[in-house]
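Chain lettering (A, B, C, D, E and F) follows the sequence in which the chains are written, and residue indices restart at 1 in each chain.
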Amino acid sequence: MFYHVQSLINPIVDDQPDPSAANALQEGLGGQFGEMRTMMQYLFQSFNFRGDGIPYLDLIQGVGIEEISHVELITKTISRLLDGAPEYHGGKYDVPGAGGDPVMNMAKEQKNVQHFIHGAQGALPVDSAGNPWSGSYVHNHGNLVLDLMDNLVLESTGRLQKCRIYQMSSNKTLRATVAYLIARDEAHEMAFAKALETLGIDWGKALPIPKFDATQFPEVKKLIDAGINREQYTFRLDGSEMGKIFQGSAPANDGTELITLTEPRESFPIPSAPERPEEFAPGLDPEMQDLADALAEFKDKTLKDMERKAGQNP
Amino acid sequence: MFYHVQSLINPIVDDQPDPSAANALQEGLGGQFGEMRTMMQYLFQSFNFRGDGIPYLDLIQGVGIEEISHVELITKTISRLLDGAPEYHGGKYDVPGAGGDPVMNMAKEQKNVQHFIHGAQGALPVDSAGNPWSGSYVHNHGNLVLDLMDNLVLESTGRLQKCRIYQMSSNKTLRATVAYLIARDEAHEMAFAKALETLGIDWGKALPIPKFDATQFPEVKKLIDAGINREQYTFRLDGSEMGKIFQGSAPANDGTELITLTEPRESFPIPSAPERPEEFAPGLDPEMQDLADALAEFKDKTLKDMERKAGQNP
Amino acid sequence: MFYHVQSLINPIVDDQPDPSAANALQEGLGGQFGEMRTMMQYLFQSFNFRGDGIPYLDLIQGVGIEEISHVELITKTISRLLDGAPEYHGGKYDVPGAGGDPVMNMAKEQKNVQHFIHGAQGALPVDSAGNPWSGSYVHNHGNLVLDLMDNLVLESTGRLQKCRIYQMSSNKTLRATVAYLIARDEAHEMAFAKALETLGIDWGKALPIPKFDATQFPEVKKLIDAGINREQYTFRLDGSEMGKIFQGSAPANDGTELITLTEPRESFPIPSAPERPEEFAPGLDPEMQDLADALAEFKDKTLKDMERKAGQNP
Amino acid sequence: MFYHVQSLINPIVDDQPDPSAANALQEGLGGQFGEMRTMMQYLFQSFNFRGDGIPYLDLIQGVGIEEISHVELITKTISRLLDGAPEYHGGKYDVPGAGGDPVMNMAKEQKNVQHFIHGAQGALPVDSAGNPWSGSYVHNHGNLVLDLMDNLVLESTGRLQKCRIYQMSSNKTLRATVAYLIARDEAHEMAFAKALETLGIDWGKALPIPKFDATQFPEVKKLIDAGINREQYTFRLDGSEMGKIFQGSAPANDGTELITLTEPRESFPIPSAPERPEEFAPGLDPEMQDLADALAEFKDKTLKDMERKAGQNP
Amino acid sequence: MFYHVQSLINPIVDDQPDPSAANALQEGLGGQFGEMRTMMQYLFQSFNFRGDGIPYLDLIQGVGIEEISHVELITKTISRLLDGAPEYHGGKYDVPGAGGDPVMNMAKEQKNVQHFIHGAQGALPVDSAGNPWSGSYVHNHGNLVLDLMDNLVLESTGRLQKCRIYQMSSNKTLRATVAYLIARDEAHEMAFAKALETLGIDWGKALPIPKFDATQFPEVKKLIDAGINREQYTFRLDGSEMGKIFQGSAPANDGTELITLTEPRESFPIPSAPERPEEFAPGLDPEMQDLADALAEFKDKTLKDMERKAGQNP
Amino acid sequence: MFYHVQSLINPIVDDQPDPSAANALQEGLGGQFGEMRTMMQYLFQSFNFRGDGIPYLDLIQGVGIEEISHVELITKTISRLLDGAPEYHGGKYDVPGAGGDPVMNMAKEQKNVQHFIHGAQGALPVDSAGNPWSGSYVHNHGNLVLDLMDNLVLESTGRLQKCRIYQMSSNKTLRATVAYLIARDEAHEMAFAKALETLGIDWGKALPIPKFDATQFPEVKKLIDAGINREQYTFRLDGSEMGKIFQGSAPANDGTELITLTEPRESFPIPSAPERPEEFAPGLDPEMQDLADALAEFKDKTLKDMERKAGQNP
């Protein structure tokens, strides 16, 4: 069973909207090597897990749970990059297209116009070429060594693609999230490589993939300095054996050490997203808004009354 | 951010393996109206949510978090239905196909042979016709009323399809899970219909869809008698405003009341899945098994030593 | 603009249900060379038509309009073949699965279980392997000669596949429809080949494709004897220049003549389809049925009153 | 059976070519919520219809027949928006690329270059991101209430997306068609909502979706003033029971009344599309053109002779 | 540039037709981890290769060329398994379905009826669930280490799946081809693992994947005894640097040695496939057959005359 | 079995990078009518060939083998057009994004950003709208006449689309390859049309498709003057009967003659592709580069020693 808190695993940094940056980032969300796949691949592998190798199960599943939070993070980043894009910077209004002015004038020229037609300037479950995510991306072979190697290739590809995307834009909203994912993908490379190391493989100097000094990306450097790329979290409320594998020297063989934690040391508030009247989002007209408000107030009051009498709603 | 406990939201009931039942149930997992879609649709809707209607956000997201646990439940049910199917009932052995005996003799005649080729007798992210799940299934229009109505149609379709699947098999493993999902889909119908009720719609006698007395299915009756179809859970560790909407009379207008809870009243152990040597799952040979065991023992000891000295690993 | 009459282009012949026959026939509906493609391909070609070759436009579009009626015919044939399949022959009841008896006991073993889960024993827009129809099947090159040749290949493939399907079953419901489509596909081969003949190609003895004596199929022979394979219909309420091309000697060079008609010489009643309570189709419970009936009666009466006073509703 | 007249349901208004407007409009044709889906969904629902609720059948099918004409309208609108785009405004010539001048110089920079490679500056069966239309878009659950609600969600999404597209361009060719479809989608919302109203649901003030004053779009206002958004057409040559449902007060509860008509009060000529030599469309060289012309002339004369003697070709 | 000889890389062994074995084997041809993917993945990687690591390029490309011959082998194996299946064992006849006897009586009950409708009892570019092969299967990351690891995972999955398929049938036609591919996939695992070894990775005892004694499969044992699993072929007519990598001790660390050869030590005749009149394959009627024969004879004679005078046609 | 030489069938001509030209050319590689399809379609047709019409088999297969070399040519052309695109012209460096300068600054604005994320500025198996290649494109009907006609339509469409692409850009890299493919597609049209001519069809003046004077494209004229459009190659190392069909007068009926050759009269060197550090391609860091170099040197020397003693490695 799964639980949630309304916090982000990394902060959304503010910058200008940039719809082509949002589109590039879609690859990291709904692409073949994006977060939707890592999430689903590790969940399927752990739900279908066979045998009694509990530490391996807990490792795979722990990473998988984290990936749900990555989907959350990257979705909100894309949404932020699209918000008010390409040129319209907000303000609530009740007359879309008033005076004949096309308020979404440039929308149809953007990389994926479905960001403005299907969604209300929000993330979509598609890749950077607009192809919908496919279940065929999920690999769950059942053979433990092979599943671990497949996961290592997956994380390495994720890291490679994000290093490429990083270079495509200096937008701070994009770079903050991408830098975080580069650091985390490196931690996940360590996780699966370490699991394979326990089964006899010596990685020499091959890791991480791609092999370069990521501290040349300033936003990544800051995270590496904080050790983000050598921690793994269990996100388990009832204990985990992940730490039996994810500890000791990192398989990158660079002198660093692996640390298992229950959860990240810090979490971050989720910024709220403004209404978008030109997208009819959320699209309550005054009459419906009144209904909603009245109900909320009434229930709020009722709830408080009830609680005062009977204790907190469970 | 998301968290996990190693418990199931409903128990797996034991019965014979049945690969065509497993295949039918794939529709409920990876089909267009299955749990992978509900999970993804509600997560996208909540991550992309606009405006300040927090109770609506919390309602959609709360159902979405539950759906991850449904994916977990249905995946494990399919896995169990396939385990040892079609005819082979287990026992560890180290010589697949020894003596020329084709141990997976009937596998190629089953509904989806990929259950035995791609997976190791485990669930796949596909529908009952073998089509991979598609991101195009996820609807997130941005308009609140429309998103709620889309969700209501989705839950109603899920319930309809599961009522059809229920009739296809008397296998207890299948029926236990399907009955639970029928009851929960009804609760979710109530959730989205109630939200629309707060915005002015009166459902009359139209709900639930399909309209029939589900207590005629004995396994469902038991759950309805326990009130499972009128509860909704927030699964939130930090509070939720879901209860402002999900309370009071049910929109089925049948005299029942809605109750918001933090989590289900009960949870259930996750049964472990045996090795499948004929599938090379997990496929560690004695040498690798030794490596894994030794490491585990050593670390186990080390960990205990460290803990004895320094307190529990965080 | 398009119009409709509630008649079929060929009669549905009664026989036992046969879900694997229905599945094979799906290839003729939603397959790459099925009726959904011919319909869409010719409609796109005629809507996008360039230049002043009106007889060519009218020929392509005329065949295209007929294909909508083929989609209608084949959909109803599949629906009929599935009705009550695999073993349940009907009778209205209000307790699906009463007594624990799985009324759709064999459904999950059938070729495409989605016929019983997605649809209510009705046709689906998929092929015989369960793949959804794709817009990529539609070819509209813009070059007239090429479009005509593509259409000729399409009709020939349709005829080839239906000749193969014909041999797969002696079910009369299947054979009546397949035989009709074999005859009509031959007429359509003539249509596109004749159009190419006017542009200079001599087909020698190559047509029709496949080249064999289709009168060996008794149901086809009857239709050929009636001349069905040498007629083409315009289905135009406002005149057509199709007849400028579709007349004279057939390009099969077998001594037959082509005849253009406005519509088929005969049309056939559409059989009604019974309710399927086990599918919750249509699924109105007594209360909703009463509402519907009352309204219908009331309006019926009102309508009659109004008409008596004011003349027929336009 | 289906029939056709060579008229459009709404006029094509003349303006400059605009390939990105054409691409946005593809969403309305081949997108998941576009006209190809509405057409196919309603046709499948009516062909697979079960039970004796003829007014419901006639309502669904009547809307379905109209959708074929919408496919016709939107296809021709896209084709017009592409015609001569991006920069080349016509004139017949016989030397593509003469003098080394790239006549389709900008084509490869446009939103979907397949408009210029696959098609000859014509509409394609794809969405605005270039994904082919999929049969999985068609929902036909078999349960009447659910099918009606699915249709209501579909029409609401169609209307929402078209309201967004409307704001993206002031091109008159685009706006004329989009405005018409906004008005008609509202009529279709009324149709399905009214059918549900007869089964007991009261929509309050929730309709139409999206909820805003569409008369702020001038082209839409004109159509609403003419009542286009409260009429529904049967398009049936042999009578229809649609009017039993589609009459009386509109479910938008705004004091308007619903009116059932056999067909729209007006229809419009189909503009012819010029040749596009740079696309080899239609691509007849002088020799083939002579053959075609000679044949046409000869047959024209023959036909007239025959008619003079024997009466009009049937 | 590519060349061909009409020989097979492994013989087709004769046995009874078996359409479900053919269907299982489709996974090895058109599945996500089948031969079409390996062929395309290695060709793309070698065509897009960057840098001066010629031995790595030659290794990847050499395996890629071999995979084309594997596509040839597996296609012909499937074709053979389908030939005359499910029950019809041949003999040329000219009256398909004569006497009303459905000669393809059982075809519609087989695993993929498209084997009998789309193809003429021949292989299709689809997987064992009938999904068409997708270009998204091809991974070409550009990073050498990652591409090599991806290839290793791919070959390991191929070998795993074929070991599973091997156990599904004792049909000799299937087993001969599958056993050969198991041995070759192991050689390819060695190839990519060895390339990674040169870059610093030590595989310990992890290879091959899956880790078990494949000599328990008798047909595989014979090939391993002949050393087939430790040879790699360049298939290059103009020299190759593959041997710089593929030599020395095998990365399975089992004491075996790797050997680079230009081509396999033996090649095998391609059996011809009989006509299938019930499939209209090839479908020449007597008249067309005469034309073909006459032409062939005439040209045969002419060619011989010309050659006698002028020397062999180049 | 297949063999390879490291030569191209046509030279890569040097010009500026042009990513939108590369994207348009993707249609010719991974599009529905591109080289991946022709290659796969003819290979499947020849592998599944039935009957004793060896000259027809050899003709289809011969063209098929050539298509592999076309995939090689077009892949390398796309790769070249992307190399250093959009604006960055190279030079090896070890600090991607050094100084915060986004070196792939414009990449996210290009037509298909996956060229820079998925691939390392290399070709992808997708079409010009980013859709992955699909196995459903491959048509292999089994009926010889139909397969030949399908192939003729395919080659004609290929030629039509390439004539359109030719006009889109004056880039010499693009035009050299496209012009060659226009000439070769015309040869392939001749091949399949001639095969149909032997079976009785007279093409009159209908060929080639599209019908226009291609010598108006200067690069094509040069190739036609050299006779490239009337030659066909067998690419068979062990003889072929293709020449029985592909000889005599061309079916274009323009007075030209067909000539069968074993291989093209000329072949061309394959240009090497530079490293792309910003893409981490190939991405060996100095340490790994040393390992690779050392090994290569050592083996080089060893190999030479061995050869000096024992003769060339086979």
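Simple rule for what comes next: contacts are C-beta pairs under 8 Å (C-beta built on N, C-alpha and C of every residue); 3 or more make two chains touch, one makes a residue touch a chain.
From a predicted model like this one, the values you see are computed outputs, not experimental measurements.
Student: Please identify each chain that touches subunit A as well as subunit D.
Tutor: Shared contacts of subunit A and subunit D: B, F.
Student: So which of B-D, D-F or A-E is the twin of A-D, meaning more than half of its contact pairs are the same residue numbers?
Tutor: D-F
Student: Can you work out the whole-Å distance between the CA centroids of subunit C and subunit F?
Tutor: 40
Student: Quick check: how many Å separate the C-alpha centres of subunit B and subunit F?
Tutor: That gives a centre separation of 47 Å.
Student: Would you kindly tell me how far, in whole Å, the mean C-alpha position of subunit B lies from that of subunit A?
Tutor: Using C-alpha averages as centres, the distance is 22 Å.
Student: Residues touching two or more other chains, restricted to subunit F: which are they?
Tutor: Each of 32, 118, 126, 129-132, 134, 136, 141, 143, 145-146, 160, 199-200, 205-206, 209-211, 279-280, 283-284, 287-288 in subunit F touches at least two other chains.
Student: By the document's touch rule, what are all the touching chain pairs in this structure?
Tutor: The complete list of chain pairs in contact reads A-B, A-D, A-E, A-F, B-C, B-D, B-E, C-D, C-E, C-F, D-F, E-F.
Student: For the complex, which residues does subunit D have touching subunit B?
Tutor: These residues of subunit D touch subunit B: 32, 131, 134, 136-137, 139, 141, 143, 145-146, 149-150, 152-153, 156-157, 160, 196, 199-206, 209-211.
Student: Which of the residues in subunit D come into contact with subunit F in the complex?
Tutor: The touching residues are 94-98, 100, 102-105, 107-109, 112-114, 116-118, 126, 129-132, 278-280, 283-285, 287-288.
Student: Mind listing the subunit F positions that touch subunit E in their complex?
Tutor: Of all residues in subunit F, those touching subunit E are 1-9, 30, 36, 40, 43-44, 47-53, 55-56, 61, 65, 68-69, 71-72, 75-76, 79, 118-126, 132-136, 138, 140-146, 198-200, 235-238, 243-245, 247, 260-264, 267, 272-276, 279-284, 287-288, 291-292, 295-296, 299-300, 303, 313-314.
Student: Touching residues of subunit B toward subunit C in the complex: what are they?
Tutor: 20-21, 23-24, 27, 31-32, 111, 127-131, 160-161, 163-170, 205-206, 209-212, 216-218
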